[in-house]
Structures are given as structure tokens and as C-alpha cells.
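Chains: A, B, C and D, in written order; residue numbering restarts at 1 for each.
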Amino acid sequence: MSDNLKKKADKRMSLGEAVAELVKDNSVLSFSGMGGAQCVAQTYEVIRQRRKNITLIGDSPCEAGDLLAGAGVLKKMEIAFCAYAVAGLGDNFRRAVEKGIPHKIEVEDYSNYTIGLRFLAGAINIPYIPSKSLLGSDLPKYNKNIKIDKDPYSGEPISLLPAAHPDVAIVHVSRADMRGNGQMFGFSSNAENMARAAKHTILTCEEIVSTDEIRKFGNLTIVPEYCVDAVVELPYACHPWNMPFAYAYDIPFHSKQLAQFKTREGFEQWINEWCFSLKDHEAYLEKVGYKRLNDLARIERKFCKLNY
Amino acid sequence: MENTKYAEDYSLSEFLVTASARELNDNETIFAGVGIPTLGALLAKLTHAKNAIIATECGGIGPQPKRIMLGIGDNPGVEDCLIATSLWRLFSDQQRGYFDVGMLGGAQVDKYGNLNSTTIFGDGDYYTPATRLPGSGGANDIASSAKRTLIMIPLQKRRFLERVDYVSSPGYLEGYDSREKVGLSRGGPSSIITNKCIFRFDPVSKEAYLDSVHPGVTVEEVCNEVSWDLKVSPDVKITEPPTVEQLTLIRMLDPNQLYTGDGLKNITFEKYIDMLENSLLSF
Amino acid sequence: MENTKYAEDYSLSEFLVTASARELNDNETIFAGVGIPTLGALLAKLTHAKNAIIATECGGIGPQPKRIMLGIGDNPGVEDCLIATSLWRLFSDQQRGYFDVGMLGGAQVDKYGNLNSTTIFGDGDYYTPATRLPGSGGANDIASSAKRTLIMIPLQKRRFLERVDYVSSPGYLEGYDSREKVGLSRGGPSSIITNKCIFRFDPVSKEAYLDSVHPGVTVEEVCNEVSWDLKVSPDVKITEPPTVEQLTLIRMLDPNQLYTGDGLKNITFEKYIDMLENSLLSF
Amino acid sequence: MSDNLKKKADKRMSLGEAVAELVKDNSVLSFSGMGGAQCVAQTYEVIRQRRKNITLIGDSPCEAGDLLAGAGVLKKMEIAFCAYAVAGLGDNFRRAVEKGIPHKIEVEDYSNYTIGLRFLAGAINIPYIPSKSLLGSDLPKYNKNIKIDKDPYSGEPISLLPAAHPDVAIVHVSRADMRGNGQMFGFSSNAENMARAAKHTILTCEEIVSTDEIRKFGNLTIVPEYCVDAVVELPYACHPWNMPFAYAYDIPFHSKQLAQFKTREGFEQWINEWCFSLKDHEAYLEKVGYKRLNDLARIERKFCKLNY
């Protein structure tokens, strides 16, 4: 099945179709983005389809981690960080870990870099990779998948990280063709490695372009078609977060959202209003308002003009 | 070069921005954290460290943003940047030793500069903590591989401990050569900047000592907020306050006091877009 | 789709180009070697494998060159390519299992498809060889990680050995499951294409057997050029010759017979530039 | 010293100055390029300055490997391949290894990918990296720096490669600013990792541009200024090899050159005529002829138009 999808010339699907087809209960999921460029629409769709017992692997998946924790989708998190940075803490994450609301989640702590290395090892298909991070810290003490070993060449201490191979990676890029060649403007966090490391990859993009357009800028292609199962055009997928060269961070929206997350009731209200009661991402954008989205895109262009 | 006419009227956070800026040198590659540290790095770049390179975790290296940076993955991190790359590559460059200084925060710090940003045990443990914090993020990596780190944390007895509950980010571990012994060949904290004072570290024992107090703060006040028997420098200095130039720039960088005040709470979308427009013009 | 009218008059190398092209399928990712194999891959892409992706070692993936490719690092490798990346990333994608087929050559091959492109011992050894060959290059990596490999090598007794002097590129090692046992979870050669015949491999013993002879070649002729007791297919086929369409395309791809003749020896700079100009027009 | 150079705002030097300052006898050298984009001018300069006892680490450094072997510069080669591909064999390399002419060279065999992994490990500063290449082959049998080990997570066999840290990497890119930010159009072989792995890096480029021009295309910057010691503008540095988006392969020139390399006398004649009797790369280009170089650039533009 996977190979058939990866070999298709036209991989376009709706987000709903892609999640229904590829994201199963009890599977391991990863989302691209870090700080900015986070997979918000993709997270809401996984919640909307009521997936269960998901393991999330990610560096600092604030939005995905906290929303999925609050929605009761997660069984385990292999992460470095879960909070909304400037906008606030991850209250759903905290309630789950501290009080088991809505239920307990197992947390396996890493650092951003060592999660990045796990995806690199997964992408290049080596079983593990060494690092100098984590030495001397308490992370290995509570995480048995981090091994402290000796470099066989020098005898020096080194930490070992296991490769990450999520069942599904959902990776968001600036643009892609319908074959699944994805190009990114600006930072890419770990997107290029997640897409390669996963068994199945859903490539979402702000814009689908022709393959000829991709060929004009081959140096910008970070995701090759041969690792992609589905291509989804998903404009403003990161809102309220920023997308480089596309739209600015909507922090006023985020502040309101997080104020409401302070209580469990507030979160439940929010997820009903902004996820379950909306048919799809299109409806979410309608609800946010295109004037507002357009303002965020307009202001971003004034700071970062695309030269491609 | 800095104008040394000192400002009269400034807030504590504005003071802390200048204090962190003064820890940075020209031509350094700086791994900037969020909030006060980012402002400190941007301020340094606009004053005494014009050739400094700012790196942000998401993969932006050497940006020249004309606006405030709202997080480590915000678009200003790649605005007119020298290199737009990936998280793993940027952290790899740090592991290789190309980053001079990193800025860290945390919930607990101990006498050897070890930081906890993962969990507060309280009556529980790692698995059932009193408080689950966000986690290391990139802090462990910065603490392990940057040539030096700056720690920013409020001075409170519950935060300044003999030993942190959980070491998220290694400082000097048990002091002396214990950091080298575990395989960390470089780095460690050079200072702890608090709301009341600045600590530095003994070159041999690697224990934190009081180096300077902020204007109006007494040494005794500081000792009372530290859980261990604090060593004090024979000649404790007074921390240098912001200059007029620095203050002007800080208020240009953060006109709505998103970091230096509680501007974030009550900013409307319209005010936010206006702020960005104006920021584009004021730079 | 292919025009099945067969050509009358073709050279051996033209025959080999079509033979290698026929081993490739549509939608495959092909790790192309230099020379005949590259022509085979380009020919396949122009006929029955329009969606095939060609990868070249230097880091070009999915090019659509309008000219002959003179080596694995030649500019046509990134001409209108889908991805221009690095050598290590391209080989990593292969190690991950994304490359369907690789094309290999060598100086010696044995009954289990192991290849030697490093050294011929003669009366000496690895350190003092009779002949030092160029070395593995990317061949070991392709042989280890591509889903299957095609081997192209002239049929000569000194090349077809019971065991090669030195295994540069693993085939099926000692046959049966010995390849899996050393940790190679996929791959291995699917065929050996020579100037006289095509060998394939027994699914169980992994030993090479004669599958087809080229027009006019006898089974006995082949057996005389193999150093081991060669197994022969009960129904040896005649290798399919080039079609008229294939031959036309080959001559468009290599008008000056740089690969299909000895054009390289005596090409002048002026003729070379003209060839490139014309190639741009003929595509 | 190194740090001072790496911190300079203007790192421009002539090639002669850069090699004189940074490339020492008995040191370990690497050159970027693979197939195309090879460091030919840079190799001639190292020969011109008569360096001795050099160890060369590279994937398939045809031109550098064969010329340095013939000129007696090399003590050891850690490589995967040494020949001129389509144009011919490496006769100097063969004479040195088979007959010790001009003197014996120790060869440590790797594959292209495992050399690439050694530079990756060096760039990210881990002491070694695992791979699935080399398993079952005879390379580890004769190369003790390749270790066959067991993955501590699965127990499966894996090969280990030591990180490469050349004393000096000479890396050629499409363009750079005077601070040392290097951008590449087209394939980059292992350039980005060599530059980071080396103790000192000489960045050569077809063209020096302003830092503002670099900032317009941050996604194309593969070499960061903080790992660069010297920046050299070196147009047509790869001739007779091709440079992507710059000039085509001059294979007629190469055929003549390699015909002459068939005999030791022929090579000695060549190296006198094309290296020692020429003051610098500028003189080499004059001798090749700007009309010819211009034709190679003109024809290349017809196939690969730069869209940046």
C-alpha cells in the first residue's frame, strides 16, 4: 500500500482523506515545525477524527502536544519541550502529567537537538547516533532509551540516541508539486528528516505549484517525492503561528486561546468551538476571518520579501 | 560605541535587558533565548556588538530583524538572515564549537550553575511531580556545547538551591573538574543574572559567588534569598545601570512592552499590526 | 510505449544500452552510473519509463538533461532537476531504501555477483597489487543499499571468477542467506549484462545462471568464458535486440559516439561545442 | 590564530596567500567537489608551493588525488576512488601505488558514502557514525579504522566510521561574501560538511558578492562564516571540470591532458608547463584562453539558466 501511494504521480488528497487513510489509532506520529511553522490545522484534524493512544515524537511540539494532550489523543510523548513559549504554558500538558486530566500521559524527556538527531538517524537509516548532549544531566537517568557509552575510537564518554521512525510524519512546507516534492522558504526545523524517517509522510503546503516551478529552484527542495504518500494544499495551516515568508504570528489570537486553556472547562469549550463544531480547516479560516489572515500575510511581506 | 550618560528612570526588565546585553561581545555567535535575552542580544547588536551573529533554534542564523522577535521560531529569526537552515544543523554547528554564548533560564539553579527546567518533585518524584515544567527544549544542548552560557533567573530562595531536583542543563555539576570528567570538554555558565544581582563562578571550585548587586540592593538581601552559604566577592560592585542610548533602543525594540511590561495581556489585533508597521519605520 | 519494429544495423554498445534500458521500469528511482548505464537510464526515461527518477552521485535528483551526461558530477545531473542536494544526503536516501535500482561495473565478478573494482592481486596482495584499480567509489554503497543492482561487465574468463580477489561491492557473498546474515537487509544483483549474454540469479542459492544469449552467441561460447561450472537456464532465451525507435534515440543521445564509439579520442573543442548546441535543438 | 581569522569581517586573500598561510607540510587536506566542481586551481597551487607528506581525505578526488600523487605531495590517501571517470584512469595514482613512482603512497579504502559520513560526523562533532555500507565487503578487512560492531539497541551488525577532521578543507562554491558565507547553486557533494569538519577552511568561489546579496537567498548558504578562515575569488577554478550553473566540462582538454599522463615523462612535462612555469591561476586561465573559457560558460547558460 505505502509503496503504491509513494509511486503515484498525483498524490493530492484533502486533509480529511489523508488523515483517515494514513493516521491509525495506537500509532506513532510526528509533526514538523518548531516555534513557528507548526502544524495546527493538521493537529485539529487528528482530533476531529478522534484518534486514540497516539505516541507523539517531536522536539518542541507546543500546539500539537498541548492540544492532543487536552483532547485525550495521546498515550505517550517523546519530546524536549511542551509550552507555547511567549504566549504561555501548556496547561493541558501540565494537567495530563500532573493530575491525569483527561488521562495520564507517559513522558520521555529529550532535548531539542537529540530529538533532531533521532530524526536525522531515522532519515539516513542508521539505528542510533552519538551526541555530546545529555552527558552529566539527569535525562538519561529517567530515560532508558538514552544510553551513555564509550566512543570505541577514543574511549571518551558519549551519549547514544535511537533512530526515530514515526508511522506517520505530517510535514508542512511553503510549496510542493502534486508528486510530493516539497520546498521550504526560511528555516525548516527538522522537516526534511521527519519526512524521510517516517513510514508514511503526509506533505502539506501553503501552495501547490507545477513540477516545472519546482525544477526552477532544485536547491530549495527539502522533501523528495519518493518519501511522500499524500500531498495536501493547506493555506494558513499554522495559524495562529507564523509561517516564514507567508504570514506573521497572530499572538493576540493566541493570548485569548491560552487564557481560555487555563481551565479544563475553557479548553473543552475551545475545542468544541474551534475543532468539533467546524467541518474542516476551511471552516476554521472562515471563522478566523480572511481579512485578519490577509492582514497577517500583508504585514509579513513588508519584512520578508520572497526573492524566488 | 556606547554613550555613557546613564538613564534615570527605567523598569527592572529594562535594567535586565542592558545587563544581559553587556555580557555579549562583538563578533560573537549568540544562541538567543526568548524574551529578555533576545532583547539583550538585539540591543547588543545595535550598540557595542554590531558584528555579532544571532542564532535562533528553528534554523535562522544572522538575521537582521526590523521588529521584535516573538519566540525562537518567529519569522524575524530568518528576516534578512545569512543562513536559513534546519534545527539539527544549527545545533550541530553549536556542538562543533562555533557558538560563543547561549542564554538560559529555568525554575531552579544550584551553586554550580546546574539548571532545572523539567520538573519540580515537591512531595512526589519525576513520574508524579508536584509541577511539570515545559522541559529542556534546547537548553541542555546549549548548556552542553556553547562556549559559555548566561543564566537569567529571579532571585528567590526556592529557586537558588544547594542542588536542583533534576539537572535539565549541566552547569559545573559537582564543581571542580566534574564537568570535564563526564565528557563535556568546553562551556559552562559564566554568570547568573537576577532581578537583584549578578553571580559569577570561581575559576577553580566552579562555585557561584556574588559579583555585583543592582543599585539599591544590599549583600544581605541577596544572601537571604540563597539556600547555600553564599561566597561573596571581596569587592562587590554595583551593577551598571542602562545608558540613555540603551533605554531609547530598548523602547524602540519593544514599544508596546510585550517583554518589558505586560503589554501582551491586552494587545488587540489592530494595535499589534500597527506596532509591526511602526516598527518597520522606526528601524 | 515501445515501437517493436527491430533495428537491423546496430553496434554492440548500442545493443547493451537497450539491454540495460529494458531492465528499468517506470516510476523507479535509478542510481545511474557513467557511460552505457547512463545512456540506458536516459533511453528508458524517453521510452517506457517516463516517470523514472535518475539520481547522480554528486547530488542531482530527477534531472531532465537535454544533452549527454559526461560523468556522475557533470552539470546535466542538476539540469532541470527536482532536487539539487549533497552526496551524503543522496546516499542517505538510498540507505533509507528509497532507491529502486543501481547500476554497477567492475574488473572482476564471481558466481554470487560480488564485484571487485579495487585491486587485482596478481602475484602480490592488497598492499603490493599487480594492478591498482580506481576503488569502490559509490559502488559498495549502491551494492549494499539499492533495492536491486544491474551489473555490466565484459564476458571474459579472467573477469568471471569462482571468487573475486577483493570484494569491493557485496553481491550475495557466499550465496543463500549469507547477505542477510552480515546485516544487509535488502538488495543484491538482479542481472549481469555482458557483451555476449545476460545472467540472472537463482532465488534460493543466489548463484548466477545463464538466462539469455545475444543474437548469434552460443551457450558453449559463454561457458568457455566463465571460470566456474556455469548453471544454464532450461530455456535459454535470445536477448531482445534494439528497436528502431530505441536506436534513433540512442543516436540522438550520443550523436558523436562518445560512449557508443571512440568519439572521445578525437573530438575537437569546436566539434564538442557544436555537439552541445545541436543536442539542445534535437531534444 | 585560527579563531582570529574566523572572526575577521574581511577574509579576502589571494590563493597563494591562503595556501602559504594555512596549508602546512605533514598536514591533512580535503578538497570539495565530486565528479564536477573539483578544486583544480587549488590543487595546482598546493603543488606550486611544493607541500610534502600530505594526507588527502576525500570521496573521489580524481584531479586532486592523481595530480598530488604524481607531484609527490602525498604520504597517504583516505579515499573511495581515484580516476578521471569518463576521461580516463588515474595513471599517476596507479604508478605511485603499483610502482612507488615518484614514491609509495599508503591507501586507506572507503566508499563515497562512508567518506561522506566521516565528514558529516566531523561537521556535527561526533567521534564516529554508524552505517550499513561496507558490511560483508573486504574493505574493513584491510582498513582497521572501519569497525564492524553491533547496534546496542537491536544487536544487529553495523559498520562504524571515524569522524574526519582535516587540518585544512579547501571548499569551492558558486559565490560568497568577504565574511565567508558561501552559497552553492546545484549539487554540493560534501562541501558543507568538509567546511565545518576542518580545523581551517579556505573558501574559494567563482564570485565574491555583497553580504546583502547573500541575505536575499539565505536558504542557499551552505557554508557559514564562522567556520571560514580565508575567502578567495577564483573564477574557472574547476577547469577542465564543469561547475554547475557556471561552465561546461572541457572534456577535449581533459582527453589531451590524460593522454599525456600515460607516461611519467608526459606528466612531468605537463606539470612543468601548466603549474610550475605559471605564476598563478590567472596565468593558467590566460594560457587556456578566455575565448575558450567564455564558450564553456556561454554554452552552459543555454542548458541551466540561473533563476536566483
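In this section, a residue touches a chain if its C-beta (ideal position, glycine included) is under 8 Å from a C-beta of that chain, and two chains touch if they have at least 3 such contacts.
Everything quoted here is computed from the prediction, not taken from an experiment.
In terms of the stated touch criterion, the partners common to chain C and chain D are A, listed by label.
Each step here moves to a touching chain, and the least such steps from chain A to chain D number 1. In this assembly, the chain whose C-alpha centre lies farthest from chain C is B. Chain B and chain C have CA centres that are 57 Å apart.
Inter-chain spacing, taken between the CA centroids of chain A and chain C, is 41 Å. Chain centres here are Cα means. That of chain A falls 27 Å from that of chain B. Counting partners per residue, chain A has 125-126, 131-132, 156, 158, 185-186, 218-219 as the residues that reach two or more other chains. With touch defined as above, residues shared between interfaces to two or more other chains in chain C number as follows: 60, 78, 80, 84-85, 92, 95. Taken together, the touching pairs give a contact graph of some other shape, not a line, ring, star or complete one.
Two chains count as a pair here when they touch; such pairs are A-B, A-C, A-D, B-D, C-D.
For chain D in complex with chain A, the residues that touch the partner chain are 125-132, 147, 149, 151-154, 156, 158, 160, 162, 184-186, 216-220, 307-308. The residues of chain B lying in touch with chain A in their complex are 34-35, 56-60, 65-67, 70-80, 84-88, 91-92, 94-95, 118, 126, 129-132, 134-141, 144-145, 166-170, 173, 178-179, 182-185, 258, 264-265, 267-269, 272-273, 276-277, 280.
Only residues 33-38, 59-60, 79-83, 85-87, 89-90, 93-94, 97-98, 107, 109-114, 116-117, 119-120, 131-139, 142, 156-158, 185-193, 241-245, 248-253, 255, 292, 295, 299-300, 302-304 of chain A touch chain B when the two sit together in their complex. Contacts from chain C toward chain A in the complex involve residues 27, 29, 51, 53, 60-62, 64, 78, 80-85, 92-93, 95-98. Of all the residues in chain D, the ones that touch chain B in their complex are 7, 9, 123-126, 181, 196-197, 211, 214-215, 218-219, 221, 224-227.
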